[in-house]
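Down below are the structures I want you to see.
Here chain A shows up in two complexes: once beside chain B, once beside chain C.
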Partner chain A sequence: MTQSDGKILSVELAFIISCGMLGVGMLTLPRTITDNINSPDGWIILIFNGIIIGLFLCLLVFLLKKHQVSDYYTYMEEAFGKWLSKILGFVIVIYFIGVASFEVLAMSEMVRFYLMENTPVEVVILSLILASVHLLTGKIKAIAKVCVFFLPLTIVIVLLIYLLSLRVVDLKNLQPVLGNGILPVLKGMGEGHLYFFGVELFIFLFGLVKNQNKVKKGILIGFSIPVILYVITYVLVVATLTVPEVKAVTWPTISFIQSYEVKGIFIERLELFLLITWILQFFCTHTIYFYFAAEGLTKIFRNSYTTNLIVLVPVIFLLAKIPKNTVEIFKMSDVLGYVFPFIFFALPILTFLIVQVKRGKRSG
Partner chain B sequence: MRSKTLHIKLGQKLENLKSLMVMQDDVVFKEVFIPSYECSGLFVYINGTMDYPSFNEIVRDLSVAQVVSNHPISIEQSVISKICSVKEQKVSTYEKAMEFIFDGKTLLFIEGIEDGYVLNLEKEKMRTFGEPSTERIVRGPKIGFIESLQENIGLIRQYSSHPSLIVKQHKIGTLEKRTIALIYYQGKASDSLLQEVNRRINKVKATDLQDSGMLEELIEDTSSSPFPQIQNTERPDKVLAALQQGRVVIMIDGSPFALIAPTTITMLLQSPDDYYERWVAGSFLRGIRYLSLFVTVFLSGIYISLVSFNPGLLPTELAMSIAGTRENVPFPPFVEAIIMEVTIELLREAGIRLPAPIGQTVGLVGGVIIGQAAVQANIVSSLMVIIVSITTITSFTVPQYGFGLAFRALRFGAMIFAAVLGLYGTTLFFIIVISHLSKLTSFHEPYFHPLDFIDKKTWKDALVRLPKRKNGGEPS
Partner chain C sequence: MKKLWMILLIPLLSGCWDSHNIEELSLVVGEGIDKSKKNDEIKLTHQILVPPGTSVQENQGQQKYKNITVSAKTLHEAIRDSLLITNTILTNHQRILIINEDVLKDIPMEAIINMFIRDNSIRRSCLVLLTKKPTKEILGNSEADDIPSNVIFELKDNEKRTNKILPPLTLGQASASLQSDGSFAIQAVDIKGGKLILDGAGVIKNSKLVGVMSADDIASLNWLNGTVKGGIIEASHHGDPFSVEVIKRTRRKITTELNGEHLTINISIGYTGRLSEDWYTKENSFKESYFKDAERVTEDKVEQDVEKIIGKLQHDYKTGVAGLYRYVENQHPKFWKKNKKKWDEVFSKADINYHIDIRIIDFGSKGGTK
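For the complex of A and B:
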């Protein structure tokens, strides 16, 4: 298996999807869900939405396989024609740039808040962007390897931290289950898909997988790792901090880790480890979106990939400079949240239907 | 005159050869009279390259009485029969003759025969096989390669007698022609790999090389990287294990280090005695080695970032005691760390260059006395001395010297990042190192392969050394 063929294994697909999903969501998700439904029932939403999206992923795999999509941009061109597909592609690229920029911004905010109050955020943002450019010159294969290395590290460290937290967890805080009735939960479910940012990358990764018959397994594993982590996180955080407090803090997951100390080992403050591993995850998420933005531009304008990387550095940097405070940062994620269902649900279905009709006409 | 064919007269040959090599004082011309044929002969060789006992034997053989035979035998035939054990070929021009002389061969000319005979009476100067000095192990074969290519190949052939082991030899270089050997198992090494290796070696054909280290740099994928992308080893057992895995081994005459391509990062962290010791111990040592790599690169950086940016993240008591040891130290942690790390690197370098008994003294004086004095003089804190000692010791655990060097150098990068951006900088440096490793290739094969750690088939060898399978499961 050589490095340069640009194909990934289904295992690597799983890791890329997981790393793409595990970004800022893990740290803020208990607050956003609880804000929405105002009760500790978020885990139900997570599980049900996870199952629904999992099923939808199976459908997507089926659709993409049926049309033997090897490259999503050419597939869109087949459906919408040259110009409309370019415009659509450009919208998608802007969305990718937005997410990339949002992730690096969220990270810089976290770093500023917990690690380095006096360092200008510009330095943090720019250094991360440049580091990811360094990795991106190695294309998808190098990204896959970094994900494969970082994700197990993250999972092991996070689970260890959670294990040590079990002392302070009080499951009574999660009760009553469905105390406000089922309606708020159903309402929350409508917006529940937003917690699964990153899974939409799958449709662009599909054609890159070498062993096509294992794609479904890969994507489902890659999707279920974050979902399981999200559910565990939600339960632990809300059970420890209680609903009103979760709603009050910006980074509930970090606050949760800060709420207890483990005496007797070298480091008592475990949030240190969470912060470090989450910088790794922010980096992965940012890099993956950055890659798809650059790759998308290459497909649309048919210019060199390296040029696009260089052009995107100032774009992502300046975009990350727009929001002035934490509130505006999270507003940015709301805006991106409106585009997500379009790319993940509407676009693939629509493209499939049009291509199906067109191909049907041609053969018939 | 050089390209002329040899004269038939012996005296003329002698004169011409002498005039061609008039500056070369170490060329010896020895005339002998061969009584049984009643003709004279001439030996030409370079002083010091010849093995005198075998020379004497040839002279004696030539001198003994001729066998009585019914058939008429020409002088040429009977000379050939006597020198056949060492004869390599014939020469017919002066140019060729000189080439062979300077190659260390002995030339024999006989009166009345136009061509000369090239005799291989060469005495190769080499040390005996000894224990490899750079890759010591506790248990396992104690034999290492030497500077003679042919002996090294002989050693490999001795342990691997399978006919599919291919040894391809080329000459490279312009001034000094060195023999370079490509060794692989046919059928195990992939064709694309062999093609790539051949292509890269052909590219450097006109370079004079003194050691395989120079070749390594010329044929590796990314020579700007701090990490060696080709493994070098003095150990035949490592070479044999690599050959069995379908890798190509490149050896060059005059160097005891064989090159193994392609290489992965896990290979560089494995020592053969992981496989010779019991598996629990082997896995344990391997784990220790991974840990010590991390410590080597990042411990100083973590210290700097925690002490100068986030002392609040340390346990209160530890933070207090660190502050206590640093109370009288006038420098920021970064300067303190740099002073100690540079000192220790200097000591190490000095220790290698000096003769062995003095080298140890320098290590002792440097490590113990300077460290102690520096703490008492309040130049560095005592904790810093401990950290530097730990990182130094851990950097020695890497089985491959060149690979360890890379990490020693990277440590300074981690310290600079930590000084500028604290814990975030240290993490960023970790990200950059991992990204760099992910992009590296060795002969187009991935160099860093984290899937090794996860894949069912390979993880056990990358992370731990699980028991060998009895039904012919091959080691490593």
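For the complex of A and C:
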């Protein structure tokens, strides 16, 4: 295995997908779901949506394998022709840039509020972007290694924090299960896919995996880690804060960890550890999206990857400066949420159908 | 030599916009809120830790804390105004928030704790207490160099030994309760004989203070909720007093029944106990029937007390402090949805059946008197 071949292992695929998914969602997800359905049944939505998307992922693996896709952009070209595919590719790149700057923005917002009040936000944003540019010069292989290093750390620390929280958790707050009937839950499931931001990266990662037979296993593991973490988070946060309160706080997961103190160990307050590990996750998510944006531009314009990296720094920075307040930041995530199903559901299916017809014609 | 410029970059690493020297911070451990004499202003008292000096002489006679009182229209303004007197306020380690009764009679509790919930450094685990004395007096009452905030904070740990203390109410819980049904009980502190004492509780209904309870009422409320973690039940048999020490709760079952619009709540609770004191001269606990009788007497006693508190809740305060609404919500979600707005009314009319089962499982190291 050499550095230069740019291929990743299926394990690394799993880690990249997990890191790509675990971003700002974890900190706000209990509020957004509860707000949607107005009952404590969000965990059912998460589990069912997780299963549905898991099945869809299996379908995607099957489709992509059948057409032996090694690079999604050339695959799109085969389907839509040269110019249309370039335009589509550009839309996708803009989406990637959007998510990259949203993640860095959300991180800076959290840092500004909880950790460093007087430090200029610009400094926080820029230092994170520059750090990720440094990492990105190593391309996907370097990112994979960082993810493999950070993710276990995050999971261990988060689970430890959760374990110590069990004292304040009151499962009574999760009842009544399906108190409003099944209808609001089904309605909530319609929007439920939004919590799985990041999984769409898979279609672009597919061609990069070395052993194609292990792709399915890798992607399913990578997908299930965040889903399980999300379900645990949702249950604990809502059970501690109660439904009306979850809807009222800005960062429910952080508020939840601020609800208790641990006695006996030399540290009493644990939210600091969550914030620190979550900055690592923000960094990973940001870097991964940044990579795909730069890589996409390279594929479209056929210019140098390094140039694109440098060009994107001011773009991401300026985009992150657009939202003026917390509400606008959350709005930005909503806008990105509209694009997500298009890239994850519509695009692969459509591309597959067109390519299937075209190839069929050629051979017939 | 080529990498020399990297060494020149080192000074940049030291920069930190948010650095504060710790001795220049005012570490707040407790806050008190009073009404100001000036119209609609709020008086806020900070209790700030004073770091001990370096020499023995310095430490003698020096108090470990100082109190700073400022008044303003809003609480955050009051905090900022206190900066005219002292160093930057750091509330990360605040342990208690004491609110004066007069404040809650006029201003909704939701407004009072709003700033504390919003703030980025005050933790939701901070305790909330009520007092009828000015909070300045409470926070200024110290014996032997103790810090009043810490004394109060540690008193709540006695919950395991007495049933006359409410389970601690944190800022987070207060906020959550205010968001849902808005009624709960809040522990009160007082000064008696120059000492700080946890005494009684306030009843909050729709964010306002509607009544106060005595320490014995708290015990009854704890029995009703099944939140007793320890403490003594006093009763008497054969004309002599005896006491039963609570060991632990064995079960709690709360069911709600609906008959049309009429609500019945059945509470059944089980505890184990120890016969820990007996003044009756002809005691013979080695005979089973003897302490079975004692069991029955204590059960009757608790049930009477609980009935009294239920009466008070239903008719005096007209509010379901006890958190029983949760069971109604869980067991009859549709009924709850319809009657959420008039829950207090539904609760006042409901039948509440309370049954307790106390089992005396031991009688200490002495069981009979000759």
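Assume the second predicted complex is superposed on the first by the 364 of 364 C-alpha atoms of A that agree within 3 Å, B and C clash if a C-alpha of one lies under 4 Å from a C-alpha of the other, contacts with A are read in each partner's own complex, and residues count from 1 in each chain.
We take it that contacts are C-beta pairs under 8 Å (C-beta built on N, C-alpha and C of every residue); 3 or more make two chains touch, one makes a residue touch a chain.
Treat the numbers as computed from the prediction; the structure is a model and nothing was measured.
In the superposed model, A:116 makes contact with both chain B and chain C. In the superposition on chain A, A:258 makes contact with chain C only, not with chain B.
In the superposition on chain A, A:272 makes contact with chain B only, not with chain C. Of the two partner chains placed around the shared chain by superposition, chain C is the only one that A:175 touches, whereas chain B remains out of contact.
Contact with neither chain B nor chain C is seen for A:206 once the two complexes are overlaid on the shared chain.
Looking at the superposed arrangement, the partner reaching more residues of chain A, out of chain B and chain C, is B.
By the touch criterion defined above, A:128 reaches chain B but does not reach chain C. Once the two complexes are overlaid on the shared chain, A:241 sits against chain C while remaining clear of chain B. Of the two partner chains, chain B is the only one that A:146 touches; chain C does not reach it.
Judged by the touch definition given at the top, the superposed model places A:283 against chain B, while chain C stays out of reach.
According to the touch criterion, the shared surface of chain A, contacted by chain B in one complex and chain C in the other, consists of residues 115-116, 119, 123, 269.
Listed in rising order, the residues of chain A touching chain B in the complex are 1-4, 9, 11-12, 111, 115-116, 119, 123-124, 127-128, 131, 134-135, 137-138, 141-143, 145-146, 148-150, 152, 266-269, 271-272, 275-276, 279-280, 283. Across the interface of their complex, chain A is touched by residues 192, 309-310, 312-315, 318, 421-425, 427-428, 430-432, 434-436, 438-439, 441, 444-446, 448-451, 453-455 of chain B.
Within the complex formed with chain C, the residues of chain A that make contact are 113-120, 123, 172-173, 175-176, 179-180, 240-245, 248-249, 255, 258-261, 269. Those residues of chain C lying in contact with chain A across their complex are 16-18, 92, 117, 120, 123-125, 170, 172, 175-176, 179-180, 326, 329-331, 333, 337.
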